[in-house]
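In the two complexes below, chain A is the common chain; its partner is chain B in one and chain C in the other.
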Partner chain A sequence: MIRGVGMLTLAIETSCDETSCAVIKDGRQVLSNIISSQIDIHKRFGGVVPEIASRKHIESINNILQEALDTAEVGFKDIDLIAVTRGPGLIGALLVGLSTAKALAYGLNIPIVGVNHIEGHVCANFIDHKDLEPPFTCLIVSGGHTYLVQANGYTDYELIGRTRDDAAGEAFDKVARSIGLPYPGGPHIDRLAKIGNMESVAFPRVIIDEHTYDFSFSGLKTAVLNHLNQMKQKNEEIIVEDIAASFQAAVLDVLVDKSFRLAKERKSDKLVVAGGVAANEGLRTMMMERGKKEGIKVYYPSKILCTDNAAMIGAAGYFNYINGNVSDLGMKVMPNLDIK
Partner chain B sequence: MKVLGIDTSTLMSTCAVLDGDRLIGEYSLSQDMSHSEKLVPMVKEVLDSLKLTINDIDLFSVAKGPGSFTGLRIGIATMKAFAHLTDKPIIGVSTLEALAYNLPYNEIVVPMIDARRERVYTAIFKWEGKSLETIMEPCVLEVDKLLDRLNSNHEKIVVNGDGSVVFKERIKDRLKDKVQFSTIGQNMSRASSICELALLKYERGQVDDFYTLAPDYLLETQAQRELRERGK
Partner chain C sequence: MKIVLNSLDEAKKFGIKLGENLIVGDILCLNGNLGAGKTTLTKFIGLGLGVEEYITSPTFALINQYKGKIPVYHFDVYRLENVDELFDLGFDEYFYGSGVCIIEWADRIDKMIPKERIVIDIENGNNPNERILLLSGDEKRLEELMKGMDLD
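Up next, the complex of A and B:
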């Protein structure tokens, strides 16, 4: 077989509360992408409990693996490469996927690539947009991460900006909880924001004007909580739709503004959005509108590829492999891995 | 029949291959490195030395707990993947039973694995001729409670496992000449014991399913406990 052509990658992702396995052909074609979410189990704890996540992963991993092979209509013998998330994420959860992946790579005598989960989110876009090629500017936003990067190549990411405190998705979840929305709150905020008035409360756009590509969301979160307290003290009615819309606008203004500022500075004609928050309708609309105005093409993945999934890990694993980045069976899990 | 066995429930990584009733390889290492980094390379080294591959193995056996939650999951995930890949049987073996199996033909054997906060994972076994009978099922116990029970119910006791090292002075003080400590070589888990117990289970038809095999933690998570206590 010619290296990288007609190549099947079996990918495993267990970094948080989704157990996922996928089979990917040549890095961009999804033959299967099975995602088993544990969200209903963690909901009653108000967030992901690491030990419970690990326990669920080990119970379901082989079922998900078999389902991924069956759906792709392939067997273990057809697989050419193993890709697995090695970080960032919950250490115990990551170790279930990594142990499975190493055993498969050794047993099948095929190469293994440890994938950076954040890079995986970016690569979800290569699956949905067959024409997309680096270089581009990229905003990665999820419950755990907020990064602005410049992608100079398929595996060459330059970290430009990051959150100094909470991730954007984390702020969504916390504000959602404060207005009585269930976990995870991001999608609920997005839904309510569509009908609320985003000008009803002028929440701060934190460090939007400073000459930095870093973000900060904890001040905004505090501003929302303070506002809610004041309203309660004055016995005024809280319109959750308006709070949701005003809060979401404050987050999105900063994300969109800094992303385009970087794209223009680097003369990028492409802006890629990735991560769980890339599924946010408000963000998608705002990015597209601004993109039209600035003459910059905006890309984001289909909603299913915005969540944590193994297909994106398979894509990232493939691009790493063809660029010569192969791991070994002694590879370490890296719970605090950053994007390069 | 070739049996591959591993145990990663404590700091010791151990891997062995049994060929019928003959032990053909065993490798144990306790080092300051995660099981995740050394386990598959260790299995590879043992099999390479024996000029075997995963496909030559007929039965996979693994310590299923109790012990370190993360360690157990690394071992079980690895062996489930091997069994899945080769479509060969897998058998989970109690970590405590395997420890007791290191000390054959003693009257009462009490393996102990440190469970922190003055507790041990433990069980009480009795050798009846050639077979190991369970007197007390595996559980988590405060060391003092275990020692009380042993003191009032048993005479000739042999202890092993890392818990017997951690609490050595207390065990000596309480059980005095009723207790003997294991030799160093039999104090820690040995994969050869895992293999042999798995083979016995296999002969009795007690095979596990690689889809559903999971650790016997013996302890619920803190979050589950808190939720249950709130619900009361």
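Up next, the complex of A and C:
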């Protein structure tokens, strides 16, 4: 077989609350992508419960793996490469995926590639957009991550900006909780924001300063909480739709503005959005509108590929492999692994 | 012991001084509502401990580790509801390890944390930037710390 042609990658992702396995052909074609959403368990607790997450990964990974193979109508002997999330994430959860991946690579005597979860989110776009090629500017936003990245190649990512305190998705979840919305809060805020008045409260747009691409969302979260407290003290009615719309506008303004500022600085004609918050309808609309105005094409993945999933890890693993990045069986999990 | 911080600037001075005086084995418990400033105070303590990286919210990752003059382990147990969940994560190993532990929402896992600890309860004051800190915990260590910090 020519290296990289007709190649089947079996991918495993267990960095946080999802156990997921996928079979990918040549980096861009999904033969299967099985995600055991644990959202029902987590709803009870108002957050991701890591111990439950780790235990669930162990309980479900073999079934998910078999289902990924069955759905793709392939067997272990057809697999050419193993791709697995190495970090960042919860150490216990990552270990379940990595140990499984190593056992498979050793048993099948095929190469293994450890993948950065953040790179995986970017690569989700290669699956949905067959024509997308680097270089491009990329915004990765989720519950745990907020990064602005310049992709110079399929495996060459330059980290330009990051959050200095809370992740964008974390701000969504915490504000949602404070106005009594269930977990995960992002989709609920997005839904309410559509009917609320985004100009009802002027929450701060934290830019930090013009010279950095870093983000800060902690002050915004506090501003929302202070506003809610003041309203309660004055016995004024809190209109959650308006809070949601005003808060969401404050987050999106900053995300969109910085992304386009970087794209223009780097003369990118493509802007790629990835991660769980990329499913936010408000963000998508705002990005598309701004892209039209600026003459920059905006890409985002289908909603299923915005969430944590193994297909994106398979895509990233494939591109790493054909570029000569192969891991060995001694690789360790890296909970704090930053994008390079 | 009660300390009133009237501004972010005062919080920064206090945090840095506290960080400078922390030693290996110290366990610092931070309690307070969402938005009270637990992560912000941790950032300032980190400055005092010589941490050069950004200290970000550990809510998602649960634990972030930093290289300061001594290792800093920054926990957030906001998402945990049950102390049993900590055992499987091996959190207790950090408490008896070779660094400083700073634990946000520590009151949620009170029984798991060794008694030799410093507790800071952060409460909102009268204006949005005012915070009232209530310090308690191991009396001997607290006295030592306060002496070292030499607050006005």
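The rule we apply is simple: the second predicted complex is superposed on the first by the 338 of 340 C-alpha atoms of A that agree within 3 Å, B and C clash if a C-alpha of one lies under 4 Å from a C-alpha of the other, contacts with A are read in each partner's own complex, and residues count from 1 in each chain.
One rule holds in what follows: a residue touches a chain if its C-beta (ideal position, glycine included) is under 8 Å from a C-beta of that chain, and two chains touch if they have at least 3 such contacts.
Since this is a predicted model, take the numbers as computed values, not measurements.
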{"item": "Partner chain in contact with A:117 - chain B first, chain C second, else both or neither", "value": "neither"}
{"item": "First (chain B), second (chain C), both or neither touched by A:103", "value": "first"}
{"item": "Which of chain B and chain C A:270 touches, first, second, both or neither", "value": "neither"}
{"item": "Partner chain(s) touched by A:65 [first = chain B, second = chain C, both, neither]", "value": "first"}
{"item": "Partner chain in contact with A:226 - chain B first, chain C second, else both or neither", "value": "second"}
{"item": "Which superposed partner A:164 touches (first chain B, second chain C, both, neither)", "value": "second"}
{"item": "Partner chain in contact with A:92 - chain B first, chain C second, else both or neither", "value": "both"}
{"item": "Overlapping contact positions on chain A, where the chain C interface meets the chain B interface", "value": "45, 49, 51-52, 54-55, 91-92"}
{"item": "Chain C residues within the chain A interface of the complex", "value": "33-35, 37, 39-40, 43, 54, 56-57, 59-65, 78-82, 84-86, 88-89, 124, 128"}
{"item": "Chain A residues touching chain C - in the complex, by the definition given at the top", "value": "16, 45-52, 54-55, 88-92, 143-145, 162-167, 170, 174, 177-178, 214, 218, 221-222, 225-226, 229, 335-336"}
{"item": "List of chain B residues in touch with chain A within their complex", "value": "34, 36-41, 43-44, 53-55, 69-70, 73-82, 84-86, 210-212, 214-215, 217, 221-224, 227"}
{"item": "Chain A residues touching chain B - in the complex, by the definition given at the top", "value": "44-45, 49, 51-52, 54-55, 57-59, 61-63, 65-66, 76, 91-92, 95-104, 106-109, 329-333"}
